[in-house]
Amino acid sequence: MTNEQLIAHLTSAYPDANVKQGNQYPEITVSHDKAHALMVHLKSDASLAFDYLVCESGVDYPAFIQVVYHLESTMHRHFIVVKTNTENRETATLETVSDIWPTAEFHECEIYDLLGVTFNNHPGLRRYFLDDTWGHPLRKDFKDDIHVVER
Amino acid sequence: MAAIIEKIITTDEIKTDEYLVNIGPQHPSTHGVLRLLTKLEGEIVHNVEPHIGYIHSGIEKMTEALSYPQIVHLTDRMDYLSAHMNNEAVCLCVENALQVEVPERVKYIRTIFDELQRLASHQLWWCASGMDLGALTAFFYGLRDREDILDIFEETCGARLTLNYSVPGGVMFDIHPNFQKNVKAFITKFRKKLPEYDKLLTDNIIFQNRTKGIGILSKEDAIAYGVTGPSGRASGFSCDVRKHHPYSAYPYIKFDEKMGTEGDSFTRWKLRMDEMWESMNIIEQLIDNIPEGDFAVKMKGVIKLPEGEFYQRVETARGEFGVYIVSDGKKNPYRVKFRSPGFSNLFTINHIAKGWKIADLVAIMATFDLVIPDIDR
Amino acid sequence: MAFEKYDFTPITQSIHQGLIENVSPLLTTIIEWTIIGVLYLLFIAVFGLFLVYAERKVCAAFQQRLGPMRVGPWGIIQTIADFIKLLMKELITPKSVDKFLYNLAPFIVIIVPFLTISVIPFAPGLQSLDFDIGVFFVTAVSSVGVIGVLLAGWASNNKYSLIGGMRSGAQIVSYELSVGMSLITMVILAGTMQVSEIVELQRGGWFLFKGHLPALIAFTIFVIAGTAETNRGPFDLAEAESELTAGFHTEYSGIKFAFFFLAEYINLFIVSAMATIVFLGGWMPFHFGDWAAFNNVMDFIPGLVWFFLKVFGIIFLIMWFKWTFPRLRIDQILTLEWKYLLPINLFNILLMATMVLLGWHW
Amino acid sequence: MKSFFNYIAEIFSGIWTLLTGMKITAKYFFTPWRNVTQQYPENRDTLVMYERFRGEVIMPHNENNEHKCTGCGLCENACPNGSIEIISKSIVNEEGKKKRIIDQHIYHLGMCTFCNLCVRACPSDAIVMGQKFEHAHWDRSTFTKVLNQPGSKIMEGIKE
């Protein structure tokens, strides 16, 4: 599907999600409680068939943490960006998508480690890079006087 | 006596315990500082749990304090064997965001460099994998031929490994006057050397027994685990970014996306060998046709990206590399995420290596071509 | 024959006579034993160091490098410097090893080459033990080494070492069979197990040529199995660098490590020497049919030189294997032995026996 | 019977592949003049680096001990690692005007990643990349260099 068709299809299929054309790709923004169900549909819907999770990244915003999923369909070769926000920054929690795309298991561990987003139902959430004495360094309010030297 | 043995066998009194072995962080076959917490029974691998982060350098955090040209030079340090592709990814992302059209000459130069870098990376992979499998001579032959490419790099951009050749808007220097001549000489030479690689290892019966049918990754799993690059294509997952989302000069040229079907170690190996031939074909199509023109467009002194999010994918030697830039309109990005191919590729190892022997685990890791800074970032 | 003038028997006999006329027989024996012991010790140390140097140079040449070049001209005293370094290094004993066995293992490993080297005839008259079961003695004694390797692997209290030791055990136990059987094939041809006699029988032509096809098969198998028995690449599973870091000698340092290292190279020499003796006529010069002039020229080269030329030829072959082939996997090593080498070997023994019975050999 | 012939064929094809491999290594063994090793410290005299080689940042001075650096600080801004520090001073020139010129161009070689961004940023081509690569030293403090030579002046005609 082209981007326009994709947007049209998504708008009709998911009325409660915010679908728009981003800078490059169609973007869906969806609330955190509906995200998992939406993404199950994105994969299982034969006309969409987003079976390849390209990238999963977290972005720290002042009020929430946004998790961004870049999805591609290896069958139809269309590309989409799904965004979902956590409720707040303090107890940032989301539903895991590792049951949909196994690769998410590892990307989510990374996000948990560096941004402090806890993923529910994750098979083995652990810190990949840092040990427990660290905070979550990719958060904007992260301060580390020992390791980071401001100049 | 027979009764006792019978009893022991039937009552499971002989028990072999699983035991844990730390392969790494300092181990010859992990190619860096990677720890594989391996559960073994005898020689059989039961579980592999990769532990990473030993050389995590916080590049994503560092980029938040740097301007865009400065970010480019940091990406050299992630996948140092695909340095130019990483540079290019950031540059393309910035250029796309600013809607800058780079000159044709830049596109050609970048693509030639991409392929040279891919050749160099695959050569290093070939020799290091050979060493993992015990063929030490392969290591030196691979490095010997890689040296020629590094000399070409050094002549044009002054560095051998951390090139930092791409800059937003073009390339840092124009190509050296000898560049085309040297590249052509290298291709002629390497076309003779590459069959030797096959004779030394690929056709070798010991090598084939070590790799054929070992560590099979199905196409479905490759897609689900996001295994890209030669490793993914060996499983039949068509994931070549150069083909599906062409960038730079890739739209202008004809090349095949090499595909495998088996998904075993040998297919992954053979696929990379084929890719080397294909890279040489690509370079030969481009090297004589580099158009005249500027080697960079004039960019502003301080590059500021418009507000928004930008994603750029390129194909490195290891797979799909993605740059995700969130900009808030300032000269520093708000957030940069690098989607590194090694990260996704590494974590399939548990899935693949289960049930094989330690020696096979080493062979599987070798054919996945892991670069640890790429994983740790 | 001309080369008889290089016979060492008169020298050894005169020493023996001189001693026995002047001192008591007991003292004579003691003095002779000491001399022989010191000579072997020196030989093993010097030859081991030389082999290490040769290996480094040979592998460098295969890999288009120069190898050691810094210490001495062309790096010739590099290995001596390395040996001094190893001597001066601290002997680290890890905390939870089985101390007795840990310390015993390197000695068991180094004893083997000392025992086996005693039956090797370097030149006419230059052999210290001439059993009538010489070939059998070599095969029997060389299998003691595996005990040392197993002990080292087990006592180190290191999982890598244990895997390495166990691999080595499985490997040597299997390949012993092939080594023994290919020797048996040749013993059938020779009709004796006495090493000096085997060499003497090859006066008219080396067994490799005398026994043609079966001897060639036996030779190939012997070289392959010998490589495996000395734990060298492509069969270096016990110390597979990329899998087990250093295998059974991971935890050893200093001179104990040097023992393992030295034993490997002396074992290499012994395998090559046995191949030379049994297949290539030991110190016998190379003769070609009726070419009298050619044969006379060959006879002028001393037996000692002939022996070492052949030994180096086979050592080079084994090094060539190591620096060309990738390593096998443990199950493939066992498959190679039990599914390929052993059946071929059994068939070969039958072939050889038939041939000897019917007199088809030269 | 067929499997028996397969067994034999397998052995011979296997040995053949091994022999082809050995042929390759033997080819290089017996052609030692093709060796690629360079005897590094000995060949130092003949060793020429490529002209674009990025070894260190240097500031060329002419025979009158003059350089081109105006002390504008663009290289300091461009440097990703903070390996360049510009210390400027103000002087009063002949016309009685106050003017800021370079006092010390400090370059921390130990922190430099040789990315060439400072050289690109320099508007007056005052700094270039040098070819020297033998930087190893016993004392870390020697890695902090002052690029402008003592008593050096800015060249005539360099725009501020």
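By letter and in written order, the chains are A, B, C and D; residue numbering begins at 1 in each of them.
Please note the rule applied: a contact is a pair of C-beta atoms (placed from the backbone, for glycine too) under 8 Å apart; a residue touches a chain by one contact, two chains touch by 3 or more.
What you are looking at is a predicted structure, and each value in this text was computed from that prediction instead of being measured.
Of the other chains, whose C-alpha centre is the longest way from the centre of chain A?
C
Sort out for me whether B-C or B-D is joined by the greater number of C-beta contact pairs.
If we tally the C-beta pairs in contact for B-D and B-C, the bigger total goes to B-C.
Could you give the separation in Å between the centres of chain A and chain B, each centre being the mean of its C-alpha atoms?
25
Using mean CA coordinates as chain centres, what's the gap between chain B and chain C in Å?
44
Please tell me the distance, in whole Å, between the geometric centres of chain A and chain C computed from their C-alpha atoms.
Chain centroid spacing, chain A to chain C, equals 64 Å.
For chain B, jot down the residues that touch at least 2 other chains.
Within chain B, residues 137, 144, 200-201, 204, 206 contact more than one other chain.
Would you mind listing the residues of chain C that make contact with two or more other chains?
62-65, 323-325 - these are the residues of chain C that touch more than one other chain.
At least two partner chains per residue is the criterion; list those residues in chain D.
Residues 18, 21, 24-25, 36 of chain D each touch two or more of the other chains.
Could you please write down every pair of chains that are in touch?
Result for touching pairs of chains: A-B, B-C, B-D, C-D.
Which residues of chain B touch chain C in the complex?
19, 21, 27-29, 43, 130-141, 144, 200-201, 204, 206-207, 209-210, 357-360, 362
In the complex of these two chains, what residues of chain D are touching chain C?
On the chain D side, the touching residues are 11, 18, 21-22, 24-26, 28-29, 32, 34-37, 39.
Please give the residue numbers of chain B that touch chain A in the complex, ascending.
Per the touch definition, chain B meets chain A at residues 51-53, 56, 58, 60-61, 96-97, 221, 223-226, 237-239, 244, 308-311, 313, 320, 322, 324, 326, 334-335, 337, 339, 343-344, 347, 376.
Tell me, which parts of chain A touch chain B in their complex?
It is residues 22-25, 51-55, 57-60, 68, 70, 74, 77, 81, 101-103, 105-107, 110, 114, 127-130, 137-138, 142 of chain A that touch chain B.
Which residues of chain D touch chain B in the complex?
Those in contact with chain B are residues 13-14, 17-18, 20-21, 23-25, 36, 50, 52-54, 78, 80, 113-117, 120, 129.
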